[in-house]
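In what comes next, chain A is part of two complexes: it sits with chain B in the first one and with chain C in the second one.
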Partner chain A sequence: MARIIVVTSGKGGVGKTTTSAAIAMGLAKKGHKTAVIDFDVGLRNLDLIMGCERRVIYDLINVINGEASLRQALIKDKRCNQLFILPASQTRDKDALTKEGIGKILEELAKDFKYIVCDSPAGIERGANLAMYFADDAFVVTNPEIASVRDSDRMLGILASKSRRSENDEEAIKEYLLLTRYSPKRVKIGEMLSVEDVQDILSLHLLGVIPESKSVLNASNSGTPVILNEESNAGQAYADVVARYLGEDKPHRFIDEEKKGLFRKIFGSK
Partner chain B sequence: MSLLDYFRSSKPSSASLAKERLQILVAHERVSRNQPSYIPKLQQELLTVIQKYVNVGQDAISINYEQDDNQEMLELNITLPDESEQNN
Partner chain C sequence: MSTDTETPTYTKSALEFKSTSFSVPILIIFNAELVQLEHQIEQKIAQAPEFFKNSPIFIDLQTCNHQQQKVDLSALIKCLQNKKLFPIGICGGNKQQNKLALKLNIPSHTIRENSATTIDASLKLNTIDIEKSDKNSSSEITPSVENMLITQPIRSGQRVYAKGDLTILSHVSAGAEVMAEGNIHVYGTLRGRALAGVQGNIDSRIFCSKLHAELVSIDGHYKINGEIDKEISSNPAQIYLQDQKLIIKNL
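Then we have the complex of A and B:
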């Protein structure tokens, strides 16, 4: 049975695509055949973050319209043979994105894949609604920031009422909190909401905290999912997230400020 | 450091302010999210009927919807104007 994961947030710029790329790569590297789908029709970016932008020939809308087969459109990752990317369309009309079309694609993917990661666009328009409609699990990506927390709560309401599972009276979508761009230093001096603050408000199961890290921008600059940078905090944090999702017991890291030695104080950290 | 802390503690941190604002806002939004979708229309139509008989303003009527495990409660509150205003 394939498991469909939606990466959602409501608010833009909180790290949905970074997260989708990282966890899809993480799951695939653990040996699970994984597909990651970009639902942001018109503004595709997952291809860039995955570093396969020059290999895009067909996209999601081509498959829905029957202009290409799923096999033709899926891009096989060059670093991990268990990972496949289905890019969004760049130019086409959003109306082509239909529930029936997406349903068919997911059904076909489910025969062959273990995990299907749906990278949701920001907002609560059609793309976002369809990305979550068929989901089994939801990763709610939230920044420790007032607008992001509010929008996440809004998405929880939609997840609970407008999904296939809710419409069929099935078991609800499993919701997980992923707190990204976390700065323990700013939390300590009272400038940023803490993990506990956000959990108090959203009451979600915490899957992981991704620290604010330079390595995220470096990763997207080079088209390498940050999880592949095993030396970076953010990469390690995403690896933990994947492990926890798969049922491993990993204590949370990067929540408290790390103690720097004199050497690193002088020469800076990564 | 302790002196610095003393000055800091004199006013609430911006994070605690954010948390407080969020808690109020989110609680409010969750209530309105869970209420039936007909409430705003019901409110509007009731207001129209009442205005046929009494001269009340747009905000004279408030509807409160509450739900717990075994019952739903619809609370309707109409504020009638003072008599002096009514005579005008």
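Then we have the complex of A and C:
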């Protein structure tokens, strides 16, 4: 059975697409056949982060409207043969998405794929609602600041009430917290909410903390999911997230400020 | 307070919203056959024409819908109106019927499980009965308290309404609203709004493990965030009414 994962947040700019790209790549690299779908119709970004923007011919809306087959629209990743990308349309708006259309696509993908990652747009409008409607698992991406936490909280309420699982009285969507852009240094001086603060407000299972890192922007610019950068903190943190999601027991990292040893102090850190 | 004497006279409000209860006859539909319905309504009215003249009436569709019978709601309402009855609401309707009722300017209500059980449905399957919910009528069953238990956090933007006591084992987020006709118990942190005794029960109380509420209210007497003593907030607290005043105290 395929598992449908929605990456959502409510608020924009918290790292949904970065996360979608990273975990999709992570799952695929572990040998699971994975598809990642961009639901941000009109503001297509995932293809850039995945580095396949030049290969987009057909998109999600084309498939919904029957103008292209799913096979034609899916883009196979060049780095990992288990990973496929279904881009959003850049020229349409979100009204082109239909519940039936999405349902059909997911059903068809589920036959072939192990994991389907849905990259939700910001907001609580149609695109976001449809991205999470069919989900089995939800990765709630939150920044350690109060507006993002509040929006995530709202999103969690919607996940609990407006999904297929809730409408059919099935087992609820499994919700996981992903704290991104975390800076232990700023938490220490009180500029940022701590992991505990966020946990206290959201009471959610923490899947991982992704530290604020230059490598994320670099990865986006170069079209390489940050998880492929094994040197960077953020890449390692995402690898941990994927491992934890798949059931491995990994201690949380990057929550406390790194103590620089003498060696590091002299030679600097990357 | 000095500000009080300075405030001009327009603070005296011109209206007030209050909640009260009336006795309204409920029409329970057992059969979708409109001709039969009309005939039997006429018979009933003939028995007590004065009582039914210009009377408000409430339509209960639950039984009918349970039997998968599709009653033509708009025709039924028109029929009642022709007989000088004023339908003021429906309950037990399905989505479609509720929508239709709204279109006809008639509000729809969610079912109170035990409101329609005053008569033995199986005995009078094909008859129509007009219930007079008179206070001294022996057939009236007072609704039992419907308590509600919630184990999940109440998220921002969610609203919960309990007809009896409301018990929440987790927290209530900022931007969420919990209401109860009885008491409210929150075993986590209360950050949103909590309104107890919303139907006028002045003895209802609010209890919580931590009080960071945006608003707490009992029977309409409320306090907002800034008025709540900061020292109380990190310990378990209770909120109750005493001589029309809202008291917030640590447990």
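Here is the rule we use: the second predicted complex is superposed on the first by the 262 of 270 C-alpha atoms of A that agree within 3 Å, B and C clash if a C-alpha of one lies under 4 Å from a C-alpha of the other, contacts with A are read in each partner's own complex, and residues count from 1 in each chain.
Operating definition for what follows: a residue touches a chain if its C-beta (ideal position, glycine included) is under 8 Å from a C-beta of that chain, and two chains touch if they have at least 3 such contacts.
Being a predicted model, the structure only gives us computed values, none of them experimental.
Applying the stated contact rule after C-alpha superposition, one finds that A:193 touches chain B and leaves chain C untouched.
By the touch criterion defined above, A:201 lies against chain B and chain C together after alignment on the C-alpha atoms of chain A. When the two complexes are overlaid on their common chain A, residue A:112 makes contact with neither chain B nor chain C.
Look at A:150: by the touch rule set out above, it reaches both chain B and chain C.
In the superposition on the C-alpha atoms of chain A, the part of chain A touched by chain B in one complex and by chain C in the other spans residues 150, 153-154, 157, 200-201. Listed in rising order, the residues of chain A touching chain C in the complex are 150, 153-154, 156-158, 160-161, 200-203. Listed in rising order, the residues of chain C touching chain A in the complex are 152-158, 170-171, 173-176, 188-189, 191.
Residues 8, 13-16, 18-19, 21-23, 25-26, 29-30, 33 of chain B are the ones touching chain A in the complex. Residue ranges on chain A touching chain B, taken from their complex, read 145-146, 149-150, 153-154, 157, 187, 189-194, 197, 200-201.
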